[in-house]
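The letters A, B and C name the chains in turn, as written, and every chain counts its residues from 1.
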Amino acid sequence: MDKKDYKNVFVFAEQREGVIQPVAFELLGKARDLADVLGEKVVAMFLGYGIKNQAQTLIEMGADEVIVVDTPELKDYLSEQYSQAVYQIIDARKPSIVLYGATTIGRDMAPRLACRLRAGLTADCTKLEVKPAQEEGFMDLHSTRPAFGGNLMATIVCPNTRPQMSTVRPGVMQKRERDAARQGVVTDFAPNFDTSKFRVRLVETIKADKSVADISEAKILVSGGRGVHDKEGFNKLQALADQLGGQVASSRAMVDNGVMPHECQVGQTGKTVRPNLYIACGISGAIQHLAGMEESDLIVAINKDKFAPIFSVADLGIVGDLHKIVPMLTERLKKEMAE
Amino acid sequence: MDFSYSKTEQLFLQMIRSFAENEVKPLAAEVDEQERFPIETVEKMGKLGIMGIPVPKQYGGAGGTVQMYIMAVEELSRVCATTGVVLSAHTSLCMAPILEHGTEEQKMKYLPKLASGEWIGAFGLTEPNAGTDAAMQQTMAVDAGDHWVLNGSKIFITNASYANVFIVMAMTDKSKGTKGISAFIVERDMPGFSIGKKELKMGIRGSATCELIFENCIVPKENLLGQLGKGFSIAMKTLDGGRIGIASQALGIAQGAMDETVKYTKERKQFGKPIAKFQNTQFQMADLKTKVEAARLLVRSAAWKKDKGLPYSADAAMAKLFAAETAMEVTTKAVQFHGGYGYTREYPVERMMRDAKITEIYEGTSEVQRMVIAGHLFK
Amino acid sequence: MNIIVCLKQVPDTTEIKIDPVKGTLIREGVPSIMNPDDKGGLELALRMKDEFGAHVTVISMGPPQADVMLREAYAMGADRAILLSDRKFAGADTLATSYALSGLCRTLDYDLIIAGRQAIDGDTAQVGPELAEHLGLPQITYVADAKRLENGNLLVHKENEDSTQVLEVEGKCLLTVLASAFEPRYMSVAGIMEAYDKEVEVWSADKIDVEETKLGLAGSPTKVFQSFPKAMKAPGELHEVSEEEAVELIINKLKEKHII
């Protein structure tokens, strides 16, 4: 393998049921930054069935080229089918960097490809940079990710192998403003499938209960921890969230004890959120929780314990009883809004 | 001397601690509040082999040691003293005498079901007029040819309303005093046997403490446990073993109160700092910790002797005496450290203090323990 | 049916603290545990054993101290335990680790391999899929349920963010499972009594089917460039005031940031 042969930043543009996932746009945003530093191109790999008409969207979101694989075999995500197609693209086009969303699709496929390509892969990254490599004339991808339950950050490089691959945590990178004037190339790619390896069959897909809105998409979150005590306590948070047009989220403690559903959990084992406003009520702020919300634009924390770690990331910390303050705040907001 | 836990014991400790924390602790307040027997926990313990730890494998037990059994009682009692005594009474007071004094047939008939937790065991010695003076037994067993007929009653019987098998002491020959007492294995559904009123207690409120009533109760001949007239001796030996269990229960309660108090005093702030930072807290807690560790050594040493087949009667009495008094002292002070909150049911130390008291009373009061210890000392 | 379960011994990351002065991890006194997702995997294998009598082999790569975790697996009901332990494996990233494990798996007779979704120290979720690729097996990750069908195939539920895929897989395969879906059993007392009477086989690199250049640090394409404690953002304002004043402070802040 000659490192010089590998050029351009590739992004696996994930779609589900024909809907391009937000993480694809976030990756394009980041890939654009990296490619601009490298003086290379951003190429989106867009796989599915009946999706080709959306390729232009990826260009408008930052891609210079979109490689489209539009074939019935790829209608639903299946590890082997997708891995074969992406492998053949990478093998043919030799990118220097490949980015995937750290989703159940990206994290399923990327390690399989890393092994097939004998390439280095860094999981669940929260920061990506390109920096001059030790070897002259080369740039290395520096992928930074949390480890040890978010207690430690590690920066990983792959100095000797190409492509350099990373899965990137959804909700962390910034997507670009859509630019309808952007021009780019759409290339069709037809993989040769080895169907003898297709041994997993999709029987059915059961949609998750959509009554619980996705907290990672919310602009305003009112989140509760142990200090909220129970469902009744969460009703107070819900009233505040309703007033603000936001949603209710939860710490792990209140999910583990069954008060709140897992979909609402913020943190290392839950979701990473980045709302405009995060109101943390009765959350002490374990490092695993902070890892999932500290990038929020404005963090307000209410907690009885003035030594609670949540205050270390809060822009505004209130030492007090949420059970009194939250309802008063809701009432006050009602008046404000009425005016 | 090796004070460390063996590898097997370490693995066992990991299991029982996690079981106590995840399965037993969440129920402790409810079991106390509702005076409810934790039957679901007993079923889980049965499946895991906890109900038959020191019973040999050929009788359906786990083939463990007394040391492991008392570790279990301690860890369970650390979070729920009720669950601790359920296991202790079942193991020490019912399975142990069958194992030590039973015939092969009796062992094969009763131990597998007891060790698997399918059956729960209990022990009946105490009567309204035979408490500390256990020799004053008034329950009578009369030889009716092909069976025994029991008449009388027993009180304060742990596990009674859920137990299937009872070790019962009764007079077979009043003229012989303690030598006229014999032990019987009584099954729950034997004719003429019934469970009387349930006691409302200060602590260990989930353990089902009831009266046993024998009205012309028919017990088969083969259910005599040990030799005729050896009942008192069997009862005393059984209580020697039982005391190690109760000592572990007391130790567990004390340890649980220590855990809660360390946690609370680190969190609770007064005069601008955690109360754990005050020397008064530190010195008192240091003394309590020392006593808890001393109690643990006494308990473990008694269990070690029992495992080795060495005499342990005085050791068990000393362990129980010291552990029970330590539990009472630690829990009382734990409530004090918690202040007003400690007196409420919001914190478990309130329950622990109520639970601790019984360890100074049952299976021989502290006064009885002193009599036993002195008896060995001045013999 | 022969099942291999991959286990990793990990520090209990919920017990790890940061030295406030030096900013380094305090690992002292942090207990080592069986990785939770892997324990879920072992539970799935043991349920299959309960149901139709599978033979369960647990394997791990790590230092000799991992012995205690394999004893735990025995006490839970595993039938055979192999620890891959050799200095040649030191410094392995996920690719080199999965390669070594594949060499071990190749020497064993198996129908199914189960791994945890990810380990709580690394959180990569890569070893499972990479192991499957090395062995040329189909994989299903994020498994929340798995049942054997009458035709011998497995019917598997894969949990995605927004849906559950029900998948049928034919022949040998590798599953990576979620701890939350398989609440592990406790060790039984009888199992504990026997755990140290059984043998934990310790295998070195030359006992497995591998090329040495692909092991350990040399066989790892990824290198740790640096590691550092997470940068803490500068703390904001903290107020200990009456409830009325607190509400006032929050309202003003929301106005200042144009949220209301």
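One rule holds in what follows: contacts are C-beta pairs under 8 Å (C-beta built on N, C-alpha and C of every residue); 3 or more make two chains touch, one makes a residue touch a chain.
Nothing here was measured: the structure is a model prediction, and the numbers come from that model.
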Chain located farthest away, centre of subunit C as origin (C-alpha): B
Innermost chain by mean C-alpha position: C
Maximum inter-chain contact count - chain pair: A-C
Rounded Å distance, subunit A centre to subunit B centre (Cα mean): 55
Averaged-CA centre spacing for the pair subunit C and subunit A, given as whole angstrom: 21
Between subunit C and subunit B, distance of the C-alpha-averaged centres to the nearest whole Å: 40
Touching two or more other chains - residue numbers and ranges from subunit B: none
Residue ranges of subunit C touching subunit B (in the complex, touch as defined): 68, 71-72, 75, 186-190, 192-193, 195-196
Touching residues on subunit A, where the partner in the complex is subunit C: 16, 76-80, 103-105, 107-112, 114-116, 118-124, 142, 146-161, 197, 199-208, 220, 244, 262, 268, 276-277, 286-288, 291, 294, 297-300, 302, 306, 311-321, 324-325, 328-329, 332-333, 336-337
Touch list for subunit B against partner subunit C, complex: 7-8, 10-12, 14-15, 18-19, 47-50, 52-53, 57, 62-64, 68
Touching residues on subunit C, where the partner in the complex is subunit A: 11, 13-14, 16-18, 25, 93-95, 98, 120-130, 132-134, 136, 138-142, 155, 158-171, 173, 180, 220-233, 235-241, 243-244, 246-247, 249-251, 253-254, 257, 259-260
